[in-house]
Each structure stands twice: as structure tokens, then as C-alpha cells.
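Structures given as C-alpha cells follow.
In what comes next, subunit A is part of two complexes: it sits with subunit B in the first one and with subunit C in the second one.
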Partner chain A sequence: MAIDAIAAKGTSQRVAPPLPAALFGACAGVLCVSVVAIVGWLILIGVPNAVRVFNPHDPAGVLAPLIATAYVTILALPPAAIVGVFAAMAAADVRVFGSVARAMRNALTLVGSVPTVIVAFAALLAALSFGWHPSLTGAALAVSIINMPLMTALSLGALTYRAAAIREATTALGASPMYVVVRVLLPRAYPRLRGALILVATQIVGAAAAIAIVAGAQAPGGHGSAPIGAWPLAVEVLTRGSAASGYGATAAAALVLTILIWVLQGVAQLRASAESAAQEDR
Partner chain B sequence: MPDRAPLETKIEVNKLAVWYGSQQALRGVTFDVASKTTTALIGAGGSGKTTLLRALNRMHDLNPDVRVQGSIKIDGAEILGHGVDTARLRRNVGMVFAQATMLPTSIGDNVMFGLAAQGIREERAMRDAAEKALRRAGLWEKMADRLDEPAAGLSDVERQRVCIARALAVDPDVLLFDDPTALMDPIAALAIEDVIARLRRDHTLIIATNDLQQAARLADITVYMANGEIVESGDTPLIFNKPGDVRTEAFLAGRTP
Partner chain C sequence: MCAVAVVAIAPLVFLVLLASATAALARGIHFAWDTFSMLAAATVALGLVGATLGTALGVGAALYVVEIAAPSTRQTIKALVGALHAVPAVGYGIVAAGVILLTPLLPNPLVTFAIAAIVLSIMIASVVFVQMRRALRALPDHLREVAGAAGADPVNVAVRAVLPAAQRSIAGIWWSAFALALGEATALAMVFSAAQAKSVAASAVVLPGTLASILLQVGAMGRSTESLGLAPAALVLFAMTIASVILGRRAVGHVPWP
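Then we have the complex of A and B:
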């Protein structure tokens, strides 16, 4: 009897109050319905046009924009990765670069909060002031710069993930701060850094549209100086979206872009969870 | 307690004060540690034992919010202030923590880490030092054929022994133990105590512990701390049997001082 009473009490304590539970449930429902509706709409409108967008001779095709996407990603990712990882290494231990590292951590928050279009506009102005022609290549540089804070933040997270005890143990053995960062924390962070790289690539592929348009706006021929002569796929979706005649093809292109990003994010998440499981075991 | 010949002073702590931000954790701590003796720091949680221990090899440098004032001399040389080679200091004053953290690598690489961090690259010299350290930690017989295995698979007591071997491999004069058996069952704790007891002849040991029996078993000198100050210190049997301060007496009796 007493046990029943305790069990009943325990059960009643676990049940969430009805009003917040309803509110959270409604929010989750709105989110799910929105995502399903958007993707459903893309499939409904886009799938009938799939044959068209994969036709290399069709002006609404996605192959050239996909190659342009790869072009921008290949140009933008390495500088973002190199600057991001090195900045994170400097910020990972305040003893390596002292006040510089502290300032960098603060700057990271500030720089990361600057609207992307403003960075793109600054890149455009910089290109013009140097007498360069704005182009898809210039746009890639702007895309790279705007993703540097994200890469730095993700790399910093990878380097310092559960690292306090390891830093303490290695420091107590007479290892210098730089040795700890370079020889211990960095190799340990490789799997997470690979995940970070994929996530930044996802950003470049999916969120590059506004930046690419602004930074490469005045490119000769309207499509920049990329050898492909096309905008990245995200830009195509954005620009075609306003043309009423191309809604079906735009939906198909958007579907291709969505699937591409989901694949990249899926790979990044699978890698991250596999690594988390491995580190839990350790 | 038989009369002892005067021992050479290894560590001199003078008016040591430590702040975590605005909160003062140590208040004018002054005490000496003789060479090749074992000192136990006892006291309630938050009394300053770990803070004092971490000041002795400048582990507080890891936390930019910590401020340290006063003087600590080891073998007559001041270790606080600028211009001190902290890496060299920490090789001379090793530390073993309550949590036995393994580096995500092999058992051998864990033991040889301090040597590699010194820049030693000669495989033979490193293996010899690792063997010597593992023997002293009572692990060589068990680990001789397992040096290339991941350290992740070791039991808690084996991990802590590897941590002790890792600290011994760089040949320190002083070893600091921060509650090394806090996370262990009594049998595992006794195994670690055996290892510590074997090191007493060759090293100056300082152990911060919450286990009063462990302090009584291992230490030549016991220091009782409360509220960031040393209340009383002296020969261990004297402190445990005839404490000179009512606060020490109350703490040992399990009463609130």
C-alpha cells in the first residue's frame, strides 16, 4: 500500500503542468507542420520539373549552378578553415597568446554578429577600392570571410571539448601551453574539426546567396568571372524565385539544394555522434 | 616519536595568499616542508588544501582569474613571479589528481608523455624511463606487454597507477597528491596507498586528503587547515593524539569546530 502511494506520488511529480506542456507541444507542432509543408510543397512542385533541371541544355538546369557552388565552396572553404583553426588554437589557451587570446574570444562574438550582407558589401567596396572587378571569385572570398567566425567558434569548441582535465594533467607533467594545444588538443579534436568543416561547407553551399549577390553584384556579364558562367545554386534559387515563369524549375532546384545540404549535415552529425560515442567510451 | 636528525628544508611557503576573483581562498599561509618527508594536508572541504597544493607547482596559472601573493621557495629558489620556467618547475614538482585522466593514446605514450614534452626523442631512453616508472608504480609486471594498448581500457586503480608512473617518469623531487583515492573503493585506495608509501624514501610527498586514516597511515607531518589558514601542524601522531588547538580536536572528532 505504502509502495503504491510512493509510486503514485512519483508518477504525479513526473507529469508536466498542463499549460506549459500544451504550449511546448503546440510550438513543436507548428515547427513540424511548417517543415513538412515546405518540403512537401517543394516535392509537389519540384519533382515534375526534375527532368528539366537535370537537362544540361535547359536554361533552368542546375548542373552549371552546382559546378559554380563547388567552385565557390572550394575557394571559400580553405581560407575559412585555416584562419578558423589557427585562431581557435590561439584562443584555446589564454596562456599561449595571453591577452590576444582573450581579445580574440571577445572579437569572435562581435564579428560573428555582423550581418552577412554588410560583410559582403564591405568586400565589394574593398574590391572596388583596389580596382578589382567584383566577381564570383570575389564573392567566394566574402563568403569565406563571413564563415571564419563560425569556423573559429566550431574549432574552439572542438579543441576545448572536455579538455580541462587533459590540459591539467599534461600541464602538470611539464608540457608547455603550446605543446598541449598542438600535440594533445589538436590531434584529439581532428574528428570534430572534420565535422566543423562539413558544417561550414553546408553554410557556404546553402547560405551564400545574399553574400555572393552583393559581393559579386557588378561582375561582368552578370554571372561573374567564374569559368562556369553561372551563379551558385543558392543564388539561382533566390533570383529565379522572383520570376513567376520559373516557379516549377525553381522548386526543383531548391529541392536539389535542400537534399545536398541535408546530406552534408547528415554526414557531419553522423561523424559528431560517432566521435562522441568513442569519447564517452574513453 | 623518536628524535629525528634535522632535515634539509625542501619547500618554504611564506605568507601565501590566493584569490579566486574577489574571493580569498588562502590567507597568509606559512609553513616549511622538509626534504623526503610526507606531509598530509587535512581539513574540511573548502579549507584551502587543494588551493595550497596547486600553488606549489603553479597550476593556478591555468586559471587567469586566480591571483597568488606571497613567497614559495623550493630548494631556496623563488617559484612565484615572472621569469620562472614553469615547465621545468612542474617536472620537478609532479602532481597526481583525484581524477585519473588518461590521454587518448596508448599506455606507453601516457607514461612517456612528460619525457616527450621535454623534447626527448630517443626511443630507448624513453622506454627505459617508462619501465622504471611503471616498476615503481607496481605496474610493470602487468603492463610490460601492454604498452601499445589504449589506456582507455584500464581499471580505475590501474589508471591512477599509470598517472603516478607518468609523474614519476620525469623524475620529480616533489610529488603532490590531490586526494588521489577520492574516487576509489577502500581496496583500490589501499593499493594506491601502498604505491605512495613506497615512494616516501626517495621523494618529498605532499598529500591533500579527506581521508583522515590515510593521513595517519602515510604522513610524517600533518597540517590541519580551516578557512584558508593553517590552524595547526606537527608530527602526525601528535596532531592525531594530542592536538594543540580546539578546532583541530573538534575536526578530528567529527564535530563542527
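Then we have the complex of A and C:
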């Protein structure tokens, strides 16, 4: 422990050897170099094909996939948001639903840890057993269900963020637990909930595996099940990314997707409250 | 009702997988146990390597940023790792696939495993970085104040005061990272598909993939018999993931998510 430093007689003995600092710095350096390498690679390979991917008549174009991405996001986000926020409200105060709320908080980590690929595969098996055909609309529903635990966890965090003192004060004034959640904690959490909504939207925009499985993206004639005639951008990158032919255009599409997600995440961070920004500063 | 719906997702997934696996066995759908055992071994091996390397990288980077770095450096690293965290899985996958497809590297099992492990480690490290920063912020400030008053410099504070205090959190983060690594499908499916595509031309032997990547590849084909045949594999992967979270909870009390 740091108390050991008291025993050190000279200042030089109190200063740590440079190795740990260099090691920690190297870890940070590896992560920084990784993002530069990934984006550098995508720019190097993708930018020469930028004209091609923005041509709406090119089969490798990103416009139709972007519309398909918007289609899935518009279908998937509202159910995930509604269920997530209401579920978080139920779990926000143990006095509302008692032990159920506590159990739900514990279960949330377990539910959220189930890989998306397994949930999507189970959805596919259920759909096949009922004789339903794979479709992009069905995939949007599956993505919505997959993101419900995340939306719940983020909403719960928004509702309970530094809420103990407020809860105590409002309860002392005679407010019921449900009133505290609905009329006090919820309005206070709106900026963070908007940020959470955008974060979940980025998850939906970047979702490839779940949509590919539930919509049958690599089934023969698979585009027939996509109403827009194209898969969402992430799925297009997933299905075309392992082929050497047209790799440059796929890298350009991946770059567009990455920039789109960065913009959305940037907006989410800008919407975060000044209070949380001050705390994040550490 | 909404809360019940969210919590019911995991039991419903389990029931569907169990019913499908039973139906597959009852119908006598062929299940290649030798391929399955190879996939399971690759999944666990990649999970262990990815979780361990990713946790080491993420914890080291977070300690540097929170405890040691100057404010301007801190902001730069936070922005860059934040950007890395936001890169979608297909972004990692396309770069790794490009390394296999466009460079002279021969996609033998060792090279494929190494590329997959590097991709997985970096993906996980960016998640661990966020979780570790949260864990470090949760430590009481007086821990650092006392260490500083005792004469420790920032590195000594990080190594001798903060790191021991965060041991349980790091163990919980490792279990969370292991569960994450077991279920990673998108980037790994792209790596293994690229290796398979190149191996056809090079006549090389390749790793078939991991359980999650095979579920993605077969599921995306949309064929009912093959998908049903993989239900036992999906059930095993589900059990492995849940077991890692439960074991993590039993060992350290808390497994962070998201």
C-alpha cells in the first residue's frame, strides 16, 4: 500500500520506478494506435471508392442500405424505448414493487449478458417452427427485443443518478414512491434518457449479426425479404466483407457506417447533462 | 409488465433453444460432435485470450488515464478510446478480413487464431476501459489523498493504493469480458469467412470458427434443417455465457454490465 512510502528515507525511494507508468502508458498507446490504424485502413482502402458508394445506381452504393438502416431503426427503437423506460421506472424504487424491483436489477445483468447472436438464433428457430418467413421487419422486431435490456439499464441509470437525496426530500414532503418516480425522477432524467435513446439507436444502426440471422441475409434470393431491396448498411458490410472482389467499396461503406455512429454518439454525449460531464472528467 | 417482459427474455431464449435442441435430437438431425468440440475449444480459447489480453489492456489504459496522465493527454486518450469503443463490430471485421485477404499472410490456423485474438482483445479492451474508469471513479477519494499524503507519487498511488483496492472490480470485469468474448460473432465471422475464402485459393487448412460465428454464418443462410441442427450448439453457448456471469458473481459479487 501507499503507506509503505512513509518508510522510505529519501525522496527517490518514494518515487515509483518508471516501468509501471510506461506499461500503463503503453496500454493506452495500443488502444489509441488501434483506432488510428482501423480508421486509417478504412480511409486508405475506402476513400478511392467513395465515388462508387455514393452512386445510387451502383450495386455497392450505400444510399439504399442507409434507407434500410433507417427503416430498421424507426421500427426497432420505439418499442425498445417504451418497454425499457417503463421497466426502469418499475425497478427505480424498491418501495413501488418491493422485492420484484430488486430481483429485476439483479436479473438485468444476466439478461443483458446473453449474446445477441443467441437471442437472434432463438428468434430464427421460433420463426421457423411457426412457419414464418425471414424478413427485415421481423429482424427489426428481434433487434428491438435484443436492445430492451440495454435501454432498461441505461434508463435505470438515468432515473437513479444521484437520486437518493431527492427521494428522501420528496418522501419527507409526503410524496408516494410512484409519485417520486413519475413526477420527480422522470422529468429530471429527460436529458440522460435522450442520450440513452441515441446510444441504443447507435446499437441498432451497427447491428449486423441479429439482422443477418433473423432476416436470412445470406439465403438464396435473400434481398426479396428486404422491403427496400437492400440490407441495412452493417449487414451489407458483413455479407460482402469477406470477399476480395469489391473489398474497397465495402471498406468505404464501413467507413460511412463508422462515421454515422460517431456522429450519433457525439450527439448523445453533447446531450449529456453538464453535471455528468463534470463527473466524467476524471 | 414491461419489467417482466425484459427479464423474461433470457428464460424464453433458453426454452426455445431447449425445445429446438430436443426436436433436433428427436428428428435425428445429424450433429457433428467432432466439429462441435473443435468449435467449443476455439470459443473457449479465444474467449480466454481475448478476455485476458483485453482486460489487461483496458485496465492499464484506464489506470494511466485516470491516475497518471496530464489533463490534456487524458482528454486526447479518452476521445480516441471513445472513438474505438464506437467502431461497430463490422468495422473491426472488415479491417481484419482485409489483412487476411489483401496481404501475403497465409490463413493457416495459427495466423487466423492470432488475428481473431487481436481483434477480440482490442474490441474488449475498449469496453473494459469504460468499465474500469467507472470502477476507479467509484473508489473513495480519500484513498488517493492518504496515499499522496504518505509521500506516494501518482504512479505509486496507482500501483500501491488504487490497483489493490480495485482488485475485485477487475476480477468482475474479467468475467464480464469473458462472457462478451464468448458471444462475439460479427467480427469473428468475417475473419473466419475471409480465411476460408483465401484458403480455397491457397489450399490451406483453416479454423472452422467459433460457436457464435458458426451460428451467425448458418443462421444467415436461413435454412431450417441446418439451423435446427445447431440448436444444441446455441444451447451450450448460452449455458457457457450465463455460467460465466454467475461464476463471476459468486467469485467477486458483481459483474458489470453494460
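Before moving on, here are some points about what is shown:
What we mean here is this: the second predicted complex is superposed on the first by the 239 of 282 C-alpha atoms of A that agree within 3 Å, B and C clash if a C-alpha of one lies under 4 Å from a C-alpha of the other, contacts with A are read in each partner's own complex, and residues count from 1 in each chain.
In the analysis below, a residue touches a chain if its C-beta (ideal position, glycine included) is under 8 Å from a C-beta of that chain, and two chains touch if they have at least 3 such contacts.
Please read all numbers here as calculations on a predicted model, not as lab measurements.
Aligning the shared subunit A places subunit B and subunit C next to each other free of steric conflict. By the touch criterion defined above, A:Ala175 reaches subunit B but does not reach subunit C.
For subunit A, the partner with contacts to more residues, out of subunit B and subunit C, is C. Legend: residue contacts after superposition of the two complexes on their common chain; A:Ala92 is shown touching neither subunit B nor subunit C.
When both complexes are overlaid on chain A, the residue A:Val184 reaches subunit B alone and has no touch with subunit C.
Contact with subunit B, but none with subunit C, is seen for A:Ile166 once the two complexes are overlaid on the shared chain.
Of the two partner chains placed by the overlay, neither subunit B nor subunit C lies in contact with A:Ala81. Shared-chain residue A:Ala249: touches no atom of subunit B or subunit C. Closest CA pair between subunit B and subunit C after superposition: 17 Å apart. Overlap of the subunit B and subunit C contact sets on subunit A: residues 279, 282. Touching subunit A in their complex are the following residues of subunit C: 1-3, 5-7, 9-10, 12-13, 16-17, 20, 23, 56-61, 63-66, 68-69, 76-77, 80-84, 86-95, 97-98, 101-102, 122, 125-126, 129, 133, 136-137, 146-148, 150-153, 155-161, 164, 176, 179-180, 182-186, 189-190, 193-194, 196-198, 212, 215-217, 219-224, 227-228, 230-231, 234, 237-238, 241-242, 244-246, 249, 255-258. Subunit A contributes residues 94-95, 102, 165-176, 179, 183-184, 188, 279, 281-282 to its touches with subunit B in the complex. Contact residues on subunit A toward subunit C in their complex (touch as defined above): 1-6, 8, 14-16, 18, 20-21, 23-28, 30-32, 34-39, 41-42, 45, 82-84, 86-87, 90-91, 97, 100-101, 103-104, 107-126, 128-129, 134, 145, 148-150, 152-154, 202, 205-206, 208-209, 212-213, 216-219, 222, 234, 237-239, 241-244, 247, 250-251, 254, 257-258, 261-262, 265, 279, 282. Residues 57, 59, 61-62, 64, 87-88, 90-91, 94-95, 97, 99, 101-104, 113-114, 116-118, 150, 152, 163, 166-167, 170 of subunit B are the ones touching subunit A in the complex.
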